[in-house]
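Below: a set of structures, written as structure tokens.
Across the two complexes that follow, chain A remains constant while its partner is chain B and subsequently chain C.
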Partner chain A sequence: MINYIYPEYEIIRNPDKCISCGVCVRQCANEVHENINKTNKVICDDSKCVNCHRCAVLCPTRAIKIVKSGNTYRENANWNCKTIDEIYKQAQSGGVLLSGMGNPENYPVYFDKILLNASQVTNPSIDPLREPMETRVFLGKRPDDIMRESNGKLINNLPPQLPLSMPIMFSAMSYGSISYNAHESLARAAAQLGILYNTGEGGLHEDFSKYGKNTIVQVASGRFGVHVGYLNAGAAVEIKMGQGAKPGIGGHLPGTKIVGDISRTRMIPEGSDAISPAPHHDIYSIEDLRQLVFSLKEATQYKKPVIVKIAAVHNITAIASGIARSGADIIAIDGFRGGTGAAPTRIRDNVGIPIELALASVDKRLRDEGIRRNVSIVVGGSIRSSADIVKAVALGADCVYIGSSALMAMGCHLCRNCHAGRCNWGIATQVPELVKRLNPDIGSKRLVNLLTAWRHEIKEMMGLMGINSIETLKGNRLMLRGVGLNEKELQILGIKHAGE
Partner chain B sequence: MKRVYINEKWCLGCRLCEYYCAFAEKRHEYNNMALALKDTLISPRIRVEEYGDITFAVNCRRCEEPLCVKSCITGALTADGIDKDRCVSCCTCILACPFGAVSLVDNVIKRCDLCNGEPLCVKACPNNALVFEDRRCV
Partner chain C sequence: MQREGQVRIPAGCAISGIIDKSGNRMSGEAIIDSIAVMRERSNGLGGGFAAYGIYPEYKDYYAFHIFYDSSTSKKECEEYLERHFDIINLSKIPTRKVKGITDSPLIWRYFVIPLPTKLSDSQLDEREYTARCVFRINTKIEGAYVFSSGKDMGVFKAVGFPEDVGRFYRLDEYEGYCFTAHGRYPTNTPGWWGGAHPFALLDYSVVHNGEISSYDANRRAIEMYGYKCTLQTDTEVIAYIIDYLHRKKALTFSEIASIIAAPFWQTIKGMSSEERELHEYLRIMFAEQLITGPFSILVGFNGGLMALNDRLKLRSMVVAEKGERVYIASEEAAIRMVESSLDKIYAPKGGEPVIINIAGGGELD
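Take a look at the complex of A and B:
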């Protein structure tokens, strides 16, 4: 049977503007654009286009735009075009559908249904340009009590802390899933900003050991690249139990990407698939997790905080409560919109729960149980702006992880084809001529710009609420009101409805 | 002296520099690149050289003692520019330039003039492969 799926996007080339310079031809790794033989004319094969906008952005005369193609099946509220196409694809291939980046489906975004408070008349707002504002946070376990020597001097019983200039960190993206230059951009930006980036489970490239102070090293189920030097190279160690984009399943970096430095960094032979198992095979209970937490603490002389990262799932409160008692210093929760280099589409789009609800309920549960001080909470999974950060902090987060927005700062246009390995922006690829498209000088500068702007906005928003320290905002749910939310949602979020 | 330098590590071979160079020549006539370059064959003063995976742009290196100037038989070519009226199109400068950065178009010699101190090729480079900076000789 002929299996033809009409291209999802069409490239519209304005013939009056096109000067046939061929930049689009040379820049498209998917070989969409092509010079017609012996003429200056360029034609496009829409079926190969992933809508990454590389050609549209680089076209010097702005002759190219990409639009959704109008081809549709007979209208059906139940069977939409995408669903039908996916059935055709699977009927042809017999394979699992793969996708990149976060869940794009139309689920509620609770951040967009929460509004912030502002000071008026009776309580003064603060002008951040004139008065000091504190955005610094410290992540880690807080001491249970104040201890003093017999002469009254304070005993420093503070467990290891991570100081951050603002409540933002770059979330885990492995070397392998993203390129060397993308990693270097993240590392350099983190060092410049006084925050942390995360190695992901791909190990730490030897060139980046100099950014150790700004690095979180991750230990995931595949244990790739883990050795005692690695654990001690960073500022903190993260145990990855789950990922928001694909809770409950492992990872698979195809052997074609395990080349050269990646193979050395991951400590596996070239060309072999890097398969991370779904569970950690040594963790089947909180007690087992505790053993790993303390093994890692032992290996790092109890000098580095241990983070446990989990995906936001239905029983998140009970799981978080267990983790808070496991000896971990920080819990990182990844919401169902979290990104990924590759995940089965069905899992990415249907598993997990929204981070806003998970965060609110975990914060409440830990407070109720009197163990909130045992851990800091870091949340990720589609933090899109400084407003999301302010709302997350007010819901109880100590800090947020940003992944997708950081990638976008480096050039990502969210075409969601990371799994294809031919990223035209030099991010999710290991092809040398594509990797070089991301110059870390530019990448790191843009990341620094983004977070500097966000930090400025956070200060403005704190100022208008009359708050001059981010710690005062933490868990301050009175600063939030919901709009268009039902009783249950408001109850879980622990906020009032607008007007109340 | 500030020169245009190429960091070949970051050159993508997109050739935007070539087209912006061609546009720079016509900027006083057109303010729009599509109008300026539509249906024309460009002869830019910066050229992207390619060999396998390696690409890099080459333009006038601004030699301390320019061989092109030295070789000019009429004195039309100086370090600063070209006197088009005096150029007799003998092409000796093209033979003399070790970088191939001088060319003959419409019977007149062309060489990079740094766009009056703001080279458009550098501005247009999407990956900072071209930079305009002062690197003193070591």
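Take a look at the complex of A and C:
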């Protein structure tokens, strides 16, 4: 069959700059570039290019750039190029469209319509270079009442808490969906930063057990790699009920990726598909969730907080309220822009709700019900900068999860082809030659750099609001103003409009 | 125009307090003289006093001081009071004509005790019952506002300069063991007397100088426990935090100070293990009650007084002693004005509370 699609991106090679070194040929796992007949001429097949920028960045003479091909269909406000191309693709393949990373469509980004306050005259701003500026947070459930010994001494009646040097954690990305080196980079960075990373549903590679204090172990519907040692290996256990990129559906790691260590870590035979069912088959209702929460607590002697991760969907407030009463210590909510290794495109692009709205409603609902102390709230699903974090905390979050931004720190260029398994940056791949490209020394260093920079920025923003401890930023919605938002949106976010 | 509560009005201020450690009573004259010195720090848009030990003959009864906009609101409120309390005594609060104090609402005082049957039906303790009735009047009865509701204490406040307010209420004719005062410098024009300070609930009263940056975090957290911040002022939310931590959670004032002006983590790290554990516990457990941004506050309660600065000491506050008397004010001059030869004078560090319990009174630690 002829491929009806003209490539979306075009590779421009400047022949005056190209020295025919062949780097691009070797670097592109998609086999886009080719040395013809061992001559010095390099040609390329644009149609295979996913625009990951690996060749462009590594070309020693900067001879390559990737640009939009600009080839256009006859203009049509209803049938845009993307929609037409998708029809051609499905007519050709007969299959479900797959994508990686988060929803790229043009839905509102509420973080970009929220502005922060600053101190002027009536109270002073605080300079983080001169005064202590605290970003430490603790995640976990807190009882309502204090207890005293007979001599009056306060008894520490707090259930287990997760201490974090800043309100940021790396969100779940399984070993399998990302590489060994990517995992090692995340684990080492988390340990250095005093935060946590998350194993995802792929089990915990034995080499990483030494980062246990900085690890969240995940239990998902496939229960891969789950055993009592695993549950006790980390600082907390996360039950994954849903994921923002694909709420309501499971996962599928093809048998071709279940090789060697991955098969061992997941505890499934080599070559067999790893299928995570859409629901947990032992959780069809909230009381079932409660049982799982308590089985996990029993298995960990009530020493590890249990996180329940859910996708932000329409009735998120009721779900969150149920979870807050289920015994869980922490709720993690993943917005509809959250990333993924692979998801059906239609689901990624059409299901779920924005994290800003989900967060604002859940925080309010839990307060209205007087159960906000029962749980900490962690939000993810496109946290892109320190400003997003400050806004999320002011809306009511205790902490954020970052996934895509962490991958980008390691080199990801958001080509959204993770599902293909040939990540040129050594992240979403298991091909040994590609995995090697990500050096964990550099990967972890870049992650530490990113979060160190963000932490500085968070402190600057807190300081200018006159806040010197992150606790008093939490839920402090008076520090936020909306711009260009309608009454309903402001009401849901619980903020005023700029100028009010 | 919007009334206080419909709009949030930041304010700068002056505060002053005098307490006699042995519990001996003094006249309200001194506190008026003291706050008058700091006229620069107020702008005539609010002043007030809290006085403790002033109603010994009624010390077992809650003294309600109420503003009424009209006789209709008074009638409605009195009917409510009669349904819920035994009213032992009621009268207009005596005032004198003072230039600079105008537009006075009706100001009444009631000595009350919950009706025993109502109280036992409610299954609440006496103070909770009383506090709920106060909330109910303030939110549900139009034009009625209970601005003082403690036993053996009273709040006196108005729109005007504090020294004028003191003379208006004839504070010089009262005798108490502890007085606090407040002069307000709002950045907006509140015309309503209820918005002046101190803010009080039961016997807790708060005068505050500063503008806290944690306001909305504190407000949203405290409203979870049934408080309703109707005035949108820092003082109101601080008073509720004190009430919540002291009355409802039974924490001591020194523990409360460690919560609202918590030591920094770096300080906690250097403490002995027992201290460290305590402070870590308090910070995690009561994270939402931490207050940041500039403040100096005086918290009055039956039997004592606590003075506290924010953790960075972003507002001035000095403490002085002379014999049994302890003086606390935003400026030293306000103390020197009433007592020129002091035994000692010092400025407490940020976050370091000064807690004075009078002999035979105060909290039981």
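The rule we apply is simple: the second predicted complex is superposed on the first by the 496 of 500 C-alpha atoms of A that agree within 3 Å, B and C clash if a C-alpha of one lies under 4 Å from a C-alpha of the other, contacts with A are read in each partner's own complex, and residues count from 1 in each chain.
In this section, a residue touches a chain if its C-beta (ideal position, glycine included) is under 8 Å from a C-beta of that chain, and two chains touch if they have at least 3 such contacts.
Every value quoted in this text rests on a predicted model; they were computed, and no experiment measured them.
With both structures placed on the common chain, the touch criterion links A:P167 to neither chain B nor chain C.
Once the two complexes are overlaid on the shared chain, A:G475 sits against chain C while remaining clear of chain B.
The partner of chain A that touches more of its residues, comparing chain B with chain C, is C. Contacts of A:P60 after superposition on the shared chain: chain B is touched, whereas chain C is not.
Shared-chain residue A:Q27: touches chain B; no touch with chain C. In the overlay built on the shared chain, the residue A:I19 is in contact with chain B alone; chain C does not reach it.
Of the two partner chains, chain B is the only one that A:D441 touches; chain C does not reach it. Judged by the touch definition given at the top, the superposed model places A:P432 against chain B, while chain C stays out of reach.
On the chain C side of its complex with chain A, the touching residues are 8, 10, 12, 187, 210-218, 220-221, 223-225, 249-251, 255, 262, 264-266, 277-278, 281-285, 287-288, 290-294, 311-312, 314, 365. Taken together, the chain B residues at the contact with chain A in this complex read 9-10, 12-16, 18-20, 23, 32-34, 37-40, 53, 124, 126-129. Residues 16-19, 21-23, 26-27, 58, 60-61, 63, 432-433, 436-439, 441-442 of chain A are the ones touching chain B in the complex. Residues 119, 122-124, 126, 131-132, 134, 136, 138, 142-143, 145-146, 152, 154, 156, 158, 161, 367, 370, 372, 465-469, 471-479 of chain A are the ones that touch chain C when the two sit in their complex.
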